[in-house]
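As written, the chains take the letters A, B, C and D, and residue 1 is the first residue of each chain.
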Amino acid sequence: MLGMTETKNDLDAASGARRVEWIRSRMPLLAQAREDFERTRPFEGHRIGMSLHVEPKTAVLVETLAAGGAEIAGTGNHGSTQDDVVAYLNDLEVDGRRLTIFGRRDDDLVAHHANVGRVLDAQPSILLDNGGDLAAGIVARGGTASILGGTEETTSGGDRLRTELAGLVPFPVIVINDSLLKQIGENKHAVGQSVAESFMRITNLMVPGTRFVVVGYGWCGRGVAHYLRSLGGKVAVAEIDELKAFEAALDGFRVSTAVDLAPWADVIITATGRPGVVGAEVFDRMHDGAILANCGHFPWEIDVPALLASSVSSRAVDEAIDRIELPDGRHLVLLAQGRMFNLAGRSPKGNSIQSMDLGFLLQTLSLERIALAAASGSLPAGAQPVPDDIERTIARRMLTAMSASA
Amino acid sequence: MLGMTETKNDLDAASGARRVEWIRSRMPLLAQAREDFERTRPFEGHRIGMSLHVEPKTAVLVETLAAGGAEIAGTGNHGSTQDDVVAYLNDLEVDGRRLTIFGRRDDDLVAHHANVGRVLDAQPSILLDNGGDLAAGIVARGGTASILGGTEETTSGGDRLRTELAGLVPFPVIVINDSLLKQIGENKHAVGQSVAESFMRITNLMVPGTRFVVVGYGWCGRGVAHYLRSLGGKVAVAEIDELKAFEAALDGFRVSTAVDLAPWADVIITATGRPGVVGAEVFDRMHDGAILANCGHFPWEIDVPALLASSVSSRAVDEAIDRIELPDGRHLVLLAQGRMFNLAGRSPKGNSIQSMDLGFLLQTLSLERIALAAASGSLPAGAQPVPDDIERTIARRMLTAMSASA
Amino acid sequence: MLGMTETKNDLDAASGARRVEWIRSRMPLLAQAREDFERTRPFEGHRIGMSLHVEPKTAVLVETLAAGGAEIAGTGNHGSTQDDVVAYLNDLEVDGRRLTIFGRRDDDLVAHHANVGRVLDAQPSILLDNGGDLAAGIVARGGTASILGGTEETTSGGDRLRTELAGLVPFPVIVINDSLLKQIGENKHAVGQSVAESFMRITNLMVPGTRFVVVGYGWCGRGVAHYLRSLGGKVAVAEIDELKAFEAALDGFRVSTAVDLAPWADVIITATGRPGVVGAEVFDRMHDGAILANCGHFPWEIDVPALLASSVSSRAVDEAIDRIELPDGRHLVLLAQGRMFNLAGRSPKGNSIQSMDLGFLLQTLSLERIALAAASGSLPAGAQPVPDDIERTIARRMLTAMSASA
Amino acid sequence: MLGMTETKNDLDAASGARRVEWIRSRMPLLAQAREDFERTRPFEGHRIGMSLHVEPKTAVLVETLAAGGAEIAGTGNHGSTQDDVVAYLNDLEVDGRRLTIFGRRDDDLVAHHANVGRVLDAQPSILLDNGGDLAAGIVARGGTASILGGTEETTSGGDRLRTELAGLVPFPVIVINDSLLKQIGENKHAVGQSVAESFMRITNLMVPGTRFVVVGYGWCGRGVAHYLRSLGGKVAVAEIDELKAFEAALDGFRVSTAVDLAPWADVIITATGRPGVVGAEVFDRMHDGAILANCGHFPWEIDVPALLASSVSSRAVDEAIDRIELPDGRHLVLLAQGRMFNLAGRSPKGNSIQSMDLGFLLQTLSLERIALAAASGSLPAGAQPVPDDIERTIARRMLTAMSASA
């Protein structure tokens, strides 16, 4: 049995390694950082405790940090960990050190929390956090004194630091997600592209002439609306914030509420970050065969429980496509059960490699800044934005990587 | 053993049935034709011999013809037959009749030709042909007298009828592919969409700012160039025909030869229908890491043998992605080994469902016309275009199906 | 009095010369032809009789023909002649020869016909015709024997040669307007650009979010619809031909009839070439303040007489903008009284200089072909398309002139 | 003589009235404000001192304020005052009160400053300021105590209040130009549209395929770049700020410095707000016949003195088009002598009517807020942004005015 497990792990590690290779070859920003780090070794003597979605692109980030001298103890998110990437990383030996990544896709919540605990047990000095879990854990343990600082991937983690954990975190935490580079490069362009690709990939439907309603005109919604219109779709925007609605109207979109636009829509895509923005009132007015999809982070924007509760029956008709029969004879189509459909279906790739190269360089240089600032104490405690000089450095490197001048 | 085979077939048929369902629910043009045919029964007493790529969309075409009273004996193309769809169709009973579809994905060329023979053995009166194989076979057998007429899917089949088979085919054959509706709906828009989707799906690369060279500005090339530019790509067109080059320049594209544009290209996509349009002279001038892909029907547009012959090594780095190392230290990336990359990789869906609904209605109404004209002798012998009234009927129905006025 | 007239003419000629200079400096195709002609002198010994709209761009065409050795006797169209350009041309001396251009803007129809007669009196051997007036005149005079051949600018002139004058014209006439280059370069792109520019210039209204209905999806309509949508307009297409309507729908436009779209429209623009396509049924359904404009050649597409007949009052509210009050309290706005509004208002420039450079090179090389073919008799009699080699030559030169490869 | 002058004034007033009518009929936001003001009379008992560019759109603003009960004493900008609009306004009688607008187009700077003095002499209680001239004047006079507050149209006026006049202005001043609505509606969309229109109107050149370099990717530059690309132009962006350069690259533009892009450019358009961004180094590298134009507020972005100093000769070849001959045989073309070319040439209309309706409603409601807040003292002293509730109110009204939901 042990033998078999080992074999399984070896296979996993090999699969992970192969999947990481193409990705790594298209991440020039991290490649340059790795090359720099091999000389400068900013993390020498530090252990980074990491909590982050584990997929092949993440592996390239981890390799980069390790090349900077970091020891790494990490765990993935609950439910999305890719086992072969974990196996690959645990197999990796950098300068004679081994990385330690906990977690498997099938872990239940109890197991996941245990993994977070194990990361903290490893006594990290720097945190790469996600949703504030590591920061909250270290506060609960009374162990904040040993932490130099860290980064936080999400906006909601940043909010948590500023409210629930306000005053309790004596070290600096750079919040990555509010970076303008990330908003433009990832939320607008990468999500826009990924939603367009995923709609075509999953449904195999024609885009030109199809009537889309994009709910929300934040950075993601802007991207989704523009990409779908570029492909020939007829796009309307549902937005309740007047200023964003105004921007959408000036951008040439039809603008109204989701309820008003519902009868017209062939497809409704939510991108608001808010719960229940599409519910019974919308379902009631959609035409037979219309499609519902969500690309927001949480699976709550479409009120799926209400939809199913009011339905006669529901069944999968293709990968990530459910057909919901309603009592009045209409049916609606739900993609990915209301979860992020741009990460669903066969062979979802998520955000483009280059957009993650950008996002992870934000992580990398912010973590380097934390390590360097520890000595000088030059960063204030608590949540703070990515330093302007880091944003500008990355923007310049990205322009070079894109050969933007040609 | 027999039991197991039966079980396998049953599973296949169930899988095929499931995959066909979503497709069928999004083919309103064929649905309407089927409903009409159930009343009018234009194929009553006829057997249609079919040679056509067998995938789920094809199944809906076959069901439609069967609903019109046709007996059907068919075979797929060599190498692309989807076994579960064959199983599903062979299981189908329409009005007490069973369909007969020959062929499996693993058939070698000998087996494939045997299948074509079996279709002819079934003594069809109407042919749904592909590349002129059935027409040539029936001529070789001296059996043309029993044929009322038929359709031909491809342009090259039409050419064959006008040259090699000129004067030998005493029955009318309507050539589907030259239809303006098909050029616009399928070659321009469906291929354009599918190429954009497949590039993103297979490579996971960012489109905005990426430098694409589209080789060829026929209907397919036009679609590919416009769709990629719409997504933010920088697109140049390589075209040797002056008139098409002029059109591309007026459409705002940079226009030159593939050789001239090679050093600038991040990605070269061929869409010309001609062999060897991208060869050694282009490979030599491409930058390190540049990508080659083809969306033309035949896998000969990129001179892959020359590329491999001049390479140091080649290996797959991801699904449908090969990395080719060159002696001068550069590497190039080849998608789908030079075959249609829009049908490659994990989960390729091909042209959009609605574009095939359109294309197959062209087939359906042309076959109906063949059956109806047989009595009156109102169609001339030999290759001929889709009758204008059929084009107009379909255009009108498509506008309705798209709810184009909303 | 004579003195004053001379002074007036001199001023006119100077004004004409100045206006022609900028134009000439941006017509590289005609510049190259002129340079070639100075060596090859294809029109040596020939007199070209010309009937064509006289404006600064036309002057550059005339200079080019003169540089090829032609004597020229010409007249403008009725009502659009620009007097300073006539003065400039009549002042011009090329190789010691003077050009003779008849006509003034204020000429009435009688005077205009007299001018056509004077052109024929000058005994041309080659005709540069417009609407078939010169060809019909020469037939009426029984003077066709002295004509080597000619060109015809318009489609309707070509039609006239093929019907009314069929069999009566023993010399070749190359019909310019059916050229694919002209359809793309002029009808689609130049008219599209000019309509967009003129709408903004005349009305000073915002384009993004404005609802346009483009009536007709021929080459002009395609251009107009695409250019307005590109600028952020919401664009619908009214088209009764099923095939063009299909193309518009696939291009992502809302498609219906003008009557259906009327209540939605902020602006209706006609581009069909047909009389009365927008009439009472449309006027009745338009909203208060909606705008009517036409860009088709003839001022008959909007039924202006019916509109005025049903109105309470009408008055100009700005240059080329009339406000029409209706009995039900609504008002409509009519641009340029239903004439081509892209040639109306203050400072209309018409089609872009380069598009006319292209169109006039078609004229120039076709006239050269007529002169050269006269000796060999290699062109058939009657109306015929621009020879393919001329189209390809011009396409190549235009690509060079545009520096299309950069 | 007096009689003649009166006659001239009468003619002017009539011309002004006519030009204002079309504009007023397309300013629904001001129309609604006027209707509201006729009931609420927020300016009853107040005199507004105004310094603002006087053209027909401004007249509608003035009428609106007058309808709210304001007495108005105003002056235009130096050099741009439209005399017929002044005449029209001075003729206007609202509720028995006459407006007083000083200034004529031909006023020299001394005369202009005298007019500013006359506005202050009129003892206004509220200021509608432009560049801080009125605020600085009132401070210099020691008369600030009589001022309730005001608005400032420009960003540079806002800066002046925060620096030179900091602490000296005891009343609130709402700075209009920083409003997000104004940035989007005016700087991006209205300037973008106006630049595209003006380039076509003035030069009569073809946009598709033309190579534009837009210098600056602020709100104006973004608009200009997007509008020109939409029309088929090849557009590159020159931007030295890394973050904006990054955004431009992600938006799919070629991005570099003006010097690098100079040889490629057919047209360079400056939109930076900074002096000398295009100078000798750029001129030296531009190709023969390339075009220079500026749309930034000040006429200093192109270093015209340096260009002329290094030239052999310069002359006008058409309205707003100068041809500059250089010693090396090249010539460059300069539009509008480096001033805002979107306000130059024959018949310039400037920003779209609706965008100014929006901008002037910002003025109107901000001035109303100043008047209402005077009693309660609810606004702090000094420069401040447009209150959020006003922005949202206007956004909602604009959506309604655009019928954005259709």
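Going forward, a residue touches a chain if its C-beta (ideal position, glycine included) is under 8 Å from a C-beta of that chain, and two chains touch if they have at least 3 such contacts.
Which chain is which protein? Per UniProt: A, B, C, D = Adenosylhomocysteinase.
Since this is a predicted model, take the numbers as computed values, not measurements.
A.B. asks: Out of curiosity, which chains are bumping into both chain B (Adenosylhomocysteinase) and chain D (Adenosylhomocysteinase)?
C.D. replies: Neighbours common to chain B (Adenosylhomocysteinase) and chain D (Adenosylhomocysteinase) are A, C.
A.B. asks: Looking at A-C, C-D or A-D, which one is a repeat of the B-D interface (more than half the contact pairs shared)?
C.D. replies: Within A-C, C-D or A-D, the interface duplicating B-D belongs to A-C.
A.B. asks: Approximately how many whole Å separate the CA-defined centres of chain B (Adenosylhomocysteinase) and chain C (Adenosylhomocysteinase)?
C.D. replies: 43
A.B. asks: Between chain A (Adenosylhomocysteinase) and chain C (Adenosylhomocysteinase), tell me the centre distance in angstrom, where each centre is the average of that chain's C-alpha atoms.
C.D. replies: So the centre of chain A (Adenosylhomocysteinase) lies 56 Å away from the centre of chain C (Adenosylhomocysteinase).
A.B. asks: Quick check: how many Å separate the C-alpha centres of chain A (Adenosylhomocysteinase) and chain B (Adenosylhomocysteinase)?
C.D. replies: Chain centres of chain A (Adenosylhomocysteinase) and chain B (Adenosylhomocysteinase), defined by C-alpha means, are spaced 37 Å apart.
A.B. asks: For chain D (Adenosylhomocysteinase), give me the residues that contact two or more of the other chains.
C.D. replies: 189, 208-209, 232, 249-250, 254, 402, 404, 406
A.B. asks: Mind pulling up the chain B (Adenosylhomocysteinase) residues that touch chain C (Adenosylhomocysteinase) in the complex?
C.D. replies: 180-181, 184-185, 188-189, 242-243, 245-247, 249-250, 254-256, 260-261, 391-392, 395-396, 398-399, 402, 404-406
A.B. asks: Which chain B (Adenosylhomocysteinase) residues qualify as touching chain D (Adenosylhomocysteinase) in the complex?
C.D. replies: 208-209, 232-234, 249-252, 254
A.B. asks: Over in the complex, which chain C (Adenosylhomocysteinase) residues touch chain D (Adenosylhomocysteinase)? Could you list them?
C.D. replies: Counting only chain C (Adenosylhomocysteinase), the residues touching chain D (Adenosylhomocysteinase) are 18-19, 21-23, 25-26, 189-190, 193-194, 196-197, 200-201, 204-209, 211, 227, 230-232, 264, 289, 317-319, 321, 323, 345-347, 349-350, 352-355, 402-404, 406.
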